[in-house]
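Heads up, the next two complexes both have chain A, just with different partners, chain B and then chain C.
Moving on to the complex of A and B:
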């Protein structure tokens, strides 16, 4: 691809995305599309800590759950509308992300992965068992969706899918700016070699903490949208398996690439909807896919594309450090 | 007092299982630096194999266990050869993600073959005996003994045989081991096979006293990680002691503090250790 094509590609993708809800055959597909956008936001979030900083965080679904439950509980228990609940959910996820990141990031490599796995499980178990707050297994029902902003209403499926798309575009813009910022450069240096980055005087911890916080905030955003769109929320939304699914989205699309996780989400989530008939074989295929990807195509689809096209920003394969 | 003694006994039984699982995990981590997230799923597979061989093929309990152990050893060796060996020199992120993939795959396979429902298998040793005033099923006593025997056997193997020494040497320093002529590929494969076999024994031992289901390994994997982190990643004595300690803490905590949060104990312990010691309680040791 020439530079001009590279610049035009995102606009073309956006045009397709804008047209899609109008051409898909029915409401069901619009809903899948909307869910796809929401999960893609979460995948972009995981990509910030995993792809940019090279740290395997397995607590991601926990932050998704925190964002979702904040929106759901504020709306159903306190009567705070979605539009106020969503920023609160993002903020709370970010605060938890900052606090948890400050502690977990002191552990490195495998230890970080195991530590965050435990933290993710603790968040999930607390959500599941704290019945007086979260209603445990029963979950939260009747969560009001996004209300009207002036003349804009979000009651139809199509309007909601555009809202989700807008959130995804904002996410992509924000993550791309983060990647090009000094913090982003530091993160890339950390991913290549943490000791080296520290040795040249970069504040490694601050950059990693920033990435973790942003990653948690994006998971919170996705969770909040999810709760508002579905109208029902159970503890399984924060299950570790959600983290694994998100990991698969990132891996398929291309770890460390900006738009890879979005493509990965649509391919995997789209397939999982199309393959509903094969429901029970789905995880067999996905588990195998994860192993095969890491063995033969560790930088995903984006990596396969990149090999044939030089690009200004060229993040390398995951965690080349160590 | 009787309640206390009963809970200690329960803790020891669960601890035997935890220790066997944690042993396998620590061996793999020690020799290959792979945190095998799929380890609990090998344990699940072992339990299912024994269950199927006993209930449908009509094999005797011990024979079924033997078959399961051999089968899992083969699975373990295959995992090493096909997946983890090619990733040996890749970034450490890759082998972790591969382990997660194996985990998802095994659970899905179990779900297709055996379904979601909980299975139960009877032990040939269903009798109840009284030990110092405590009522214990024979199977639990056998489990305690068998696990202890296996652990002693493994320790002897690691310290007294050439193959065991090769494993320890590789864990201490893989390059050094290679230099003195140890075939570290073979060591890695052997270690994986042993580790999976240990998981199969643990799964087979636990099947008659608990339920068998596709995701039974997830929680066990995490607990084993907690144990291994407590005892030192790669440390064999640490895994042994840690397994019993965690199980005792769980059974006593579950009785005297809160049964709802019993399963949280392991993760809270793990989080606390990492909070204060970001690289585990002990330096990585063999």
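Moving on to the complex of A and C:
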């Protein structure tokens, strides 16, 4: 991509996103859009640990659940408003991320994936079984949504979709600043070669733990928004299935790319809404699509786009003499 | 002595890969480690750079006991290394590779990145200046924006040295710098190593090519089956009967 395209593309995407809620036919689509933004934030979070740092964490929905339940329970049990509950949810997810990361990240590769899968499952089970706190299967109902900020109110679906969009834009700004900084370069080094990263003086464990904590915090942000927007929260929000859906969004969009996870979320989540008539049979289609994706587009849409862009066509090493 | 190893050992199961080796590197010198294949040279390097924990023995660096440190901690104290199979961040540019090597000297963290602090900008300028200087030292100034994977084998070796050198280490460990490159390129690399040493960096290298070792080194240690069998000047090593036997077999 030329620098001009690189700079114009996010603005064009933002313009489309700003116009969308106003042109879709009804409230239902606005809600889908809002959900899409929320899941995209979560996908960006997973991308930090998986794409930037190269660690496949399968505990992601657990952190989404921690953020969501913090907002829901603080609001319904203690009467703490959404705007105070949301930072609390993000903070609690981050604290759990830091603590869990400190233990899980001692294992590597497949072991780390399995370890975090188990951790995600444990968080889900705690949410599901701790009935006195979470109401178990019944879930939390009547969660108040975001209150007004000055003249801005968030009672309409459209207003909420813009709020979710604002949160997604903030997330993208944060992750892009992270990626294009010495911190991002450190994560790249850790992802590519831990022995070399350590040999040049980088604290591999600290870098991975930081990425895991940021990833958990973003999942917490997404979870908190989810709870406030839907108004109802059940334990299935922290289900392992949610982790694998998020993983699918990131893979389709392109692991490690900045905006890939957002595109992946909208394609997969949008498709799953269209295919809802098929009920569980839609998994057959997604399973097949995933296999084809891994075979033919291992770096997702972002990778395919990069390959077809002009820069990739330039000779990688200009000839020295004839 | 800049580096001292006392009775350093490493066992893998029943195999003594490194067996009670005493070793010293004088500040300002070029020291070579030679030995037949499988003698334990790379394992010895891994022990000194703390990439592997030693089974027993002690290491001091600049008079301080560093036996219990982690790899990144000893790197930050000024011990840098390259790897045998040239290891680089292949998809990153040459400049970005070297910038990673400078990171240990900078402090900006997550918050600096998120708010784009003045400290981050200052450190980035400082890092880039240091990285470009180092690329010039190893002769890659014009290739700063080339992806590491698109460099020649020789250029990659030079880049790996830049990555190790950019943080201005006091001791540089080179694992077979001449492996996989031709004779002419080797001469260029020898000149580079001499220039690095002349610039005040103590060098310790593992090498298979005898003429490289004999030409460059002030002192040489010979390992065989994990044991030190000789230690001395190139002249002494050339005439040492134990060395001749290890390399040529029994007479």
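We take it that the second predicted complex is superposed on the first by the 308 of 322 C-alpha atoms of A that agree within 3 Å, B and C clash if a C-alpha of one lies under 4 Å from a C-alpha of the other, contacts with A are read in each partner's own complex, and residues count from 1 in each chain.
Keep in mind that, in the parts below, a residue touches a chain if its C-beta (ideal position, glycine included) is under 8 Å from a C-beta of that chain, and two chains touch if they have at least 3 such contacts.
Bear in mind that the values here come from a model prediction, so they are computed numbers and not experimental data.
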Which of chain B and chain C A:193 touches, first, second, both or neither: second
Touching partner for A:185 - first (chain B), second (chain C), both, neither: second
Superposition-derived comparison: chain B or chain C, residues of chain A touched: B
Touched partner set for A:214, first chain B, second chain C, both or neither: second
First (chain B), second (chain C), both or neither touched by A:103: first
Partner chain(s) touched by A:172 [first = chain B, second = chain C, both, neither]: neither
First (chain B), second (chain C), both or neither touched by A:123: neither
Chain B versus chain C as contact partner of A:201, first or second or both or neither: second
Touched partner set for A:33, first chain B, second chain C, both or neither: neither
On chain A, the residue positions that both chain B and chain C contact, one per complex: 317
Residue numbers on chain A that touch chain B, as the complex places them: 50, 54, 56, 103-104, 106-111, 113-115, 117-119, 121-122, 125, 129, 240, 244, 247, 251, 280-284, 286-291, 293-295, 298, 317-322
Touching residues on chain A, where the partner in the complex is chain C: 174, 177-178, 181-186, 188-189, 192-193, 195-204, 210, 214, 316-317
List of chain C residues in touch with chain A within their complex: 49, 51, 70-72, 75-76, 80-81, 83, 87-92, 96, 99-101, 103-104, 106, 108-110, 112-114, 116, 120, 123-124, 127, 146-147, 150, 163-164, 167
Touching residues on chain B, where the partner in the complex is chain A: 29, 33, 35, 37, 83, 86-87, 90-94, 96-98, 100-109, 111-112, 218, 222, 225-226, 229, 233, 260-261, 263-264, 266-268, 270-271, 274-275, 278-280
